[in-house]
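Below are the C-alpha cells for one structure; questions will follow.
Per-chain numbering from 1; labels A, B, C and D assigned in written order.
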Amino acid sequence: MDAKNFIAKRVAKYFEPGDVVNLGIGIPTLSAQYAAETVLFHGENGIIGVGDLAKGLLFVESFCNASGEEIVPAVGASICSSATSFGIVRGGRLAATVLGALEVSEFGDLANWATPKRAFGMGGAMDLVVGAKKVIVAMEHCTKDGLPKIRKECTFPYTGLRCVNHIVTELCVFDVGEKGLLLRELAPGKTIEDVAAKTDAPFEVADDLGIIGA
Amino acid sequence: MKSKLCSREQIINLFKDGQSIAIGGFARCGIPHNLIQCVLDSGVRHLTLICNDTGEGGDGIGRLIHSRQVDKVIVSHIGTNPETVKLFQAGEIEVELNPQGTLAERIRCGGMGLGGVLTKTGLGTIVQNRRQTITVDGQTYILEPALKADVSLTRARRTDPIGNLAYHGTCQNFNPLVVTNGSVSIVEADFHLELNELTIDEIMTPGVFVDMILEQGALYGC
Amino acid sequence: MDAKNFIAKRVAKYFEPGDVVNLGIGIPTLSAQYAAETVLFHGENGIIGVGDLAKGLLFVESFCNASGEEIVPAVGASICSSATSFGIVRGGRLAATVLGALEVSEFGDLANWATPKRAFGMGGAMDLVVGAKKVIVAMEHCTKDGLPKIRKECTFPYTGLRCVNHIVTELCVFDVGEKGLLLRELAPGKTIEDVAAKTDAPFEVADDLGIIGA
Amino acid sequence: MKSKLCSREQIINLFKDGQSIAIGGFARCGIPHNLIQCVLDSGVRHLTLICNDTGEGGDGIGRLIHSRQVDKVIVSHIGTNPETVKLFQAGEIEVELNPQGTLAERIRCGGMGLGGVLTKTGLGTIVQNRRQTITVDGQTYILEPALKADVSLTRARRTDPIGNLAYHGTCQNFNPLVVTNGSVSIVEADFHLELNELTIDEIMTPGVFVDMILEQGALYGC
C-alpha cells in the first residue's frame, strides 16, 4: 500500500456507520473505499450519497460530484440546493470533513486554499471547517521539498482558526486540542524522533501511544 | 394564465452593458447554455457575473470569460478555468472570492428580500477583513450582505408555461437560488410541459419567481 | 350589491392579468371573485393559486388556504415552504396585497393587527406591507361606532410605516403618496364633503376625479 | 444504511422539563399529531414552543396549551386559540409574537447554522423595539437572531428508513424548516416507504437532517 492509501485507510477509521462525511480531493477522496458501507458521502454541490464513478448509460450530466465528475448516487442518496448543502455543513450535520492542507498550526489553524502567489478560491473549505463535527487533515507529512507542514504558526492565508481535530500523515496521527498537538499513533517502524524531526511544532505524546493499523 | 415563453431575440434585447448577471450551475452541471449563448449574441460588455465558478476553460460560463464580456466575477473559485486565472493575474478581471456556502446564502438573500445573513464561516480569515462582524448572544459572526443581480439565468429540467420548475439530480445546485435573485429572472428548461402536467408536489420553484422562459429549441452543447 | 362587495369589486380593478396577489380575510378575500381568471392568489401558508373552497373528495387536509380552510388549488398552482412563501412576499414578487385596517394615516402608515387591549399576533401582515408592490387597504370608511379610520396619525400599534398605496372604501378611493392623500374616485351619489366629514385627515382632490364603477 | 425508526417509548423518553420544541404545521395543516401525543404522554413541563400558531382550541398544538405543559410560545399569532389567549391575558403563558416570514427565517437560520438575518419587516413597529438595527449600503434592517430548539417535531407525507422526506400540498408549510432546526430532529410520516422507493428528485429534505422517525402505527386524529 502506498503512502496515500495508507493515510486514507487510517482516516476511514474515524467514520461510524450511518455517518455523513465530506471528502476533499486527493487523499481524502481515497478514504471512501476504506469506509463502512453505511457511510454516506456529501458533495458540496448538494448530493448526500456520492457513489462510484459512472460508466455507460449512467454517465450523465445530471449526477456529478463536487469535482464535476459523473458519479452514480449511492443507495439512499438525496440531492438538495447549494444553500441546503451548506446548511448541512454549517448546521453540524456532517460527522466529519476530511481535507488536505498546505499548513496546520499546533493549535489547529488550517491553511489549505491559497499561497501568497496563488489564491484562486476557497470553494467550500471555509464552511466545512466551521461546521463539521470532526475536521480531519489527511496529508503527506512534509512538502515535496521536505519542509514541515505542521508548524507553530501558518504563513499562508487561513481557511479557519483552531478548527482541526485530527491530523493523519504517513508518519503518524495527531489529535489537536486546546493544549496543542498530541501524538496518538505512529506508523509501523517509525519513532517519536522521526516525527519530531519533520514537525516544526512541539507535541505531547499519548500515554497509550498506538501503531497505525494495529 | 399568461405564457412566459419568449423568443431568443426578446431575451437578447434585454441585456445591457454593465449589468450584473447571476447564473446557475456548478462546474459543468446544470449550466444554462442557451441563455449564455444569448448573452454572447447580445455582445454586451462590462458585466459582473455572480456564479459558483467560471467553468472549465472555454465551455459553459467560461465562454463569457473568453469573450471578454466580463469585468468582475463574484464566485467561490476560479481555479478550474485557466483563462480566468490568466486575466485575473494580468489585472484584467476583478475577482471577489466567497466561501461557497456564503455565496449561496447571499444569492438566496437577494431573492428572498433579505439584507444579509450572519455566519461563522470565514472568521479569522481574509473574508472577515472586508466585512462587518456582529455579536449576538455572545457569539461573533460575519455579516454577509445580500447579492442582487439585474438578471438571473437559470437552467431547470422541466418547466410549464408559467415557470413552475422542477430540477434533476445535481443540476439543481445554485439554480433554485439564482432563479429567485434577478430583477428579471430568465429560465431555460430541458423539457417544456403543459400547464398542470407537473404535479403540484413536484414543483420545486413556484413560477411567481420567473419572468421569462426561453422558447424551446435545439439545446446548445449539452 | 352590499358595501363589502362594492369595495371588493373596485379593489379587483387593481389586478392585472398574470398578477400574483395576496388577500387578507374579510372584504379583501371577496375581491377574488371579481378578478380576472389569470390572477393567482397567494396564501401565506405557501400556496400560489388558492382556488375555490373544496367539497366532497377534494375536501382534504393537504390543501388549505392561510385561514386553514380546505380549498382546491387553481390551475397552475404551486406550493412551497413558509420561508419561500415569504421570500415571494419580501422579494417583491407580489403585485399587490389587500388588507383590512383599523386605522390608516394620511401618509400611509397602517395599523391593522392590534389594539392596546388585543395584540394576539401580526401573522404575515408586517411582511406583506413591506414586500408587496402595491399595498391596498380595503375597508369600511368608519368604525362600527362611526369614527373615522383614516386619520392624521394612527393610535394603534403599527403594522408598517408609509406603506399603503391605495385605500378603497364604500365612499371613495384614495391614493396615498409622499404628499398625503389624493381623492381619486367617489362612490356614485357621494360628494367630496361626504368624504371630508368622515375622514380625520386633509386630502387633495384629483383633477380627474372619477366615479367608482363608472 | 442504519434505520432511524424508533418506538414511541424511545421518543417519549427523550423529552425533558424546560426544553424548547419546534413544531411544524400551520393552523390544522401538516401537524405532527402523533409526536405531540408523545410530548403529552411524557408529561414534561415548562416547555418553550416554536411554531407558527397554537392551533384552534384543544386540537393539534393546542393540546399542549390545554395540558399546561408550556411556559412560553414563540409564534406569529395566538388569535385562533382562545385557551392561549386566556392564559396570556392571565399572565400564565409568555408569548413572543413574530412576523410570520421572520419566524420562518429565524427557524431556518437555526437549522442552517446561521446566526440571523437582516429584514425590513417590522421596521417602525414594536418588532423593531426589541431588536438591533443594522445599516447595509445605506439601507436599514432589523437583525433577527436565529432560533434553535432542543427538539424538533416534523410531519412529512412520505419517509424512507433514513429520513429522506417528501411533503404533500400545503402540509409542507413550516415542516421543511423545522426538520432542520432541532438538536434532535424527530419526524412522523403518513407513509413509510422502502429505501430508494422515493425517486431522488422527489426528496425535499435529505435524511441527514433527521435523527429519529416514529415507527408506523395508527395515526392520531388526522
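In the analysis below, contacts are C-beta pairs under 8 Å (C-beta built on N, C-alpha and C of every residue); 3 or more make two chains touch, one makes a residue touch a chain.
Treat the numbers as computed from the prediction; the structure is a model and nothing was measured.
J.: Comparing the two chain pairs, does A-D have more C-beta contacts than A-B, or is it the other way round?
T.: Of A-B and A-D, it is A-B that has more C-beta pairs in contact.
J.: Measuring centre to centre with CA averages, how many angstrom lie between subunit A and subunit B?
T.: Computed from C-alpha means, the inter-chain centre distance equals 29 Å.
J.: Roughly how far is subunit A from subunit D, going centre to centre by Cα mean, in whole Å?
T.: 34
J.: Using mean CA coordinates as chain centres, what's the subunit B-subunit D distance in Å?
T.: Spacing between the chain centres: roughly 31 Å.
J.: How many angstrom between the C-alpha centroids of subunit C and subunit A?
T.: Measuring from centre to centre gives 55 Å for this pair.
J.: Quick check on subunit B: which residues sit in contact with 2+ other chains?
T.: 105, 112-114, 119-120, 157, 168-169, 200-201
J.: Where does subunit A touch two or more other chains at once, residue-wise?
T.: In subunit A, residues 73, 79-80, 83, 86-87, 89-90, 130-131 touch at least two other chains, as defined above.
J.: Go ahead and list every pair of chains that touch.
T.: Pairwise, the chains that meet the contact rule are A-B, A-D, B-C, B-D, C-D.
J.: Give every residue of subunit B touching subunit D within the complex, in rising order.
T.: Residues 105, 109, 112-120, 132, 134, 136-137, 139, 141, 143, 145-146, 157, 166-169, 200-202 of subunit B touch subunit D in their complex.
J.: Which part of subunit B faces subunit A closely enough to touch in the complex?
T.: Residue positions touching the partner: 26-30, 52-53, 56, 75-80, 85, 88, 97, 99-105, 107-108, 119-127, 157, 168-177, 222.
J.: Where on subunit A is subunit B touching in the complex?
T.: Those residues of subunit A that touch subunit B are 43-47, 60-64, 66-68, 73, 79-83, 85-87, 89-90, 109, 119-127, 130-131, 157-161.
J.: Given the complex with subunit B, which residues does subunit C contribute to the contact?
T.: 17-18, 20, 38, 40, 42, 48, 73, 75-80, 83-84, 86-93, 130-131
J.: Write out the stretch or stretches of subunit B touching subunit C in their complex.
T.: 1-2, 111-114, 160, 162, 164, 180, 195-196, 200-201, 203, 205-209
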